[in-house]
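Alright, structures below, take your time with them.
Here come two complexes built around subunit A, the first alongside subunit B, the second alongside subunit C.
Presenting the complex of A and B:
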């Protein structure tokens, strides 16, 4: 029998090789793949996020943890799809129009994926209409918007408007983030939530799904 | 712990700081926005399309008392310019940027050319070390050809990328300033990647940076401690450029709360902490430089 606690530790330590081999062995032994995700991998990513929040982890530790999680997910995802298991939520994410910065957005995408969400990354400089079309097409439950520049923050507002115009606003929760963004700004433009960091974005996304 | 100095202080730097702290300039991006740079526009391209407005920013800093001004070339590397379909114009944009600042400076100020990060993350595999080396090398050479007095590697979040940029800049033979952003961790005393000021300073000195420092990321209050800790890691001259606080949206307008006078209040503490070059980053303006000058 595989010691599944090893999977938790491998993801937390960012040991992709070990995470993959434990996953493969566990599946060969007939362990439910969903159990691997919800009982070991997601808790490991949550712990990584918690350590990031309190300043024990920094971006490199988050990145390697997410990479280890991804290595295991690549094995598990086809099995979950075959079982008809639904993800926690479906996210459409991107950096808003006029803004070419992708580091923060990529981190949030990796953390959400680590949190069990299906993530559709639209990239950078994404037009409001493109967010609306993708939200509809992917049947998204969350639309996540990123901006690094103060000058591109108004594109967030335009995207909220575009989601309304396309008639998808009421089917999705909108969350926003990025260096200049604040809770106050989220309230001002009618977004559902603001997150200060990549790790707290996962907590926020779960809270919005439960709301 | 103080690192041993591997090479003597560059004569240009030595001459500059001999008489005490040197006043540098303030923000460019926020100033260009006030002159009409729109959201999503590439600021660096303005060196070709609106040289008169770029020169206006440079001239305002010289007139405010800056003894060192930077250039409008922060994002003029091939990786960033490619995103604006201007990747083929790297040399042209950098040469124009240096020429504009030199015209504004005349004999009154020196021109230190600004070289910013690629915007891609090495560790995530978004870009290779070799590609960064080549990209920064091309940019630094164009700056040197145009007659820059020094190169400022600035706003770096990743020490590895900063080291590559310093090495590339050093091949020009110009003095190199290297500064990182400390905006992470509980006390805002780490880079995004978790590196402390002590460690960053020692590592940047080791790859041959002539001046070491920090810019952007937080308001000036946090820079006193960062400066003291950079001093722990190196005996090289130190460079500090703080923001005017963090931006806030007030009634739909982007506002920085710190006033020039509040900013200048920190001058004695920064000098005591070891700062040799002092200026401002995002949200600061010629008024901030004037306020600091009046206290020097």
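Presenting the complex of A and C:
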């Protein structure tokens, strides 16, 4: 029997090789892939996020943890699809126009993926129209916007407007984040939610899906 | 005492008549003369005109060559994204060292070869003719961590620390040599101090900072001192956990952004500290009273070895009166 706690530890330590091999072994033994995700990988990422908040982890540790989780997810995702498990939701995510900061956005994307969402990452400096086109094309349920500059926050508003203009606003929930962004700003521009960290972004996305 | 004399005296540990005032301005400065930021970043004549206009209008003691972190990477051959009214950026998807083996073939660009580095050297020279008697002139280079991130892609560099420490050191060596060459020509052109921007260093935490970044920052600072210049270290973000290391480098000035000044003072001894008025919350969004109150508190925490400035770049859209209030505090107080 695989010691599944090892999976938790491998993700937390950012050991992609180990998380992959434990995942493979567990699956070979018939463990439910969904259980691996929800009981071991997500708690590991939550713990990584918690350590980041209190200053025990820094960006490199978060990024290798996310990478380890992704390595396991690559094995698990096709199995879930084969089982007919639907993604919790379909997310289109990107950093808004004029803004090139992507570390936070990448972490949010990784966490959402771990949380069972299908994630389409459009990258950085993404124009409002591009968000709108991708939302339609991917039949998105959530559009997630990241901005790190006060000067590019208005691009978030422009993106909300572009989604309206393209007629997709009512089919998606919009969530926003990034260091200078606030709940107040989210309310102002008519976004559906804001969260301040990658870990809480998953909770937010789930809540928005349920609403 | 004019501005230049004031800064020189302050850095030499001699008495000064007023607090020294050295806030970083970039996009704000371009806006002051109504220039597009693309022109500010690409044409030293625009940068120099804007810096001098800001320094005069707001009584700054210095002018600076800083504009964006992409100059060196551009001359190395990296893909640069230009924006009309924003700083040029680097595209990580197409980073110069997306493939690590490219480092072996990478050549240090000639800083006088006519590229974006040369434009900065020309800025230093033009400052010297236009304001060399009255203002203190700051040149600028990127620190090891920031420049390595610009060449390799910041997300990749962050994981390289764990995956391939030897590569990181090799890359830092390349950066160190390139930046010291770049600094030398800026000093020869007229820079009185070299600012070292190492933004990404605030992301790595104390263990990686001490193991990888600090030794190269130290060699960079020592190298700059050997060139006969002074050093201002600027690491944006939260540097609380690496203050001690930053204080051990022997820089003439250390900037603080999100780390508390009182803690920095405790950990860095007699070091001259610059900052750390919150750029967005106080300087841009606060009232003039907020600005005065906050900078007085910075001064109180830092004590006499203190230079007035914001934690990071003065944001575009900062009200004129707020920056004037900051200047008024400096002009009406002695250290």
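Keep in mind that, in the parts below, the second predicted complex is superposed on the first by the 208 of 211 C-alpha atoms of A that agree within 3 Å, B and C clash if a C-alpha of one lies under 4 Å from a C-alpha of the other, contacts with A are read in each partner's own complex, and residues count from 1 in each chain.
The working rule: a contact is a pair of C-beta atoms (placed from the backbone, for glycine too) under 8 Å apart; a residue touches a chain by one contact, two chains touch by 3 or more.
This one's a predicted model, so the numbers in the text were calculated from it and none came from an experiment.
S.K.: Determine, for the superposed arrangement built on subunit A, whether subunit B and subunit C clash or fit.
M.R.: They clash.
S.K.: Which one hits more subunit A residues, subunit B or subunit C?
M.R.: B
S.K.: Once chain A of both complexes is superposed, is A:94 in touch with subunit B (first), subunit C (second), both, or neither?
M.R.: In the superposition, A:94 contacts neither subunit B nor subunit C.
S.K.: Can A:14 be said to touch subunit B (first), subunit C (second), both, or neither?
M.R.: In the superposition, A:14 touches subunit C alone.
S.K.: Looking at the overlay, what does A:54 touch: subunit B (first), subunit C (second), both, or neither?
M.R.: Touch partner of A:54: subunit B, not subunit C.
S.K.: Scan A:193 for contacts with subunit B and subunit C and give back first, second, both or neither.
M.R.: A:193 sits against neither subunit B nor subunit C.
S.K.: If we overlay the two complexes on their shared chain A, which of subunit B and subunit C does A:106 touch? Say first, second, both or neither.
M.R.: both
S.K.: Could you say whether A:123 touches subunit B, subunit C, both of them, or neither, answering first, second, both or neither?
M.R.: second
S.K.: So, does A:154 touch the first partner subunit B, the second partner subunit C, both, or neither?
M.R.: First partner only, subunit B.
S.K.: Once the structures are superposed on A, label A:182 by its partner contacts, choosing first (subunit B), second (subunit C), both or neither.
M.R.: first
S.K.: Where on subunit A do the contacts from subunit B and from subunit C line up?
M.R.: 55, 57-61, 63, 98, 100, 102-103, 106, 124-125, 150-151, 180
S.K.: Flag every residue of subunit A that touches subunit B in the complex, lowest number first.
M.R.: For subunit A paired with subunit B, touching residues are 54-55, 57-61, 63, 97-103, 106, 124-125, 149-155, 180, 182, 184-185, 188.
S.K.: Which of the residues in subunit B come into contact with subunit A in the complex?
M.R.: The contact residues of subunit B facing subunit A are 33, 38-40, 80, 83-84, 119-121, 123-124, 126, 184-187, 190, 192-194, 246-249, 254.
S.K.: List the residues on subunit C that touch subunit A in their complex, please.
M.R.: Touch residues, subunit C against subunit A: 27, 81, 83, 86, 89-93, 154-155, 158-159, 161-162, 203-205, 208, 240-241, 280, 284, 315-317.
S.K.: Considering the complex alone, what residue numbers of subunit A touch subunit C?
M.R.: The touching residues are 14, 55, 57-61, 63-64, 67, 98, 100, 102-103, 106, 123-125, 150-151, 180.
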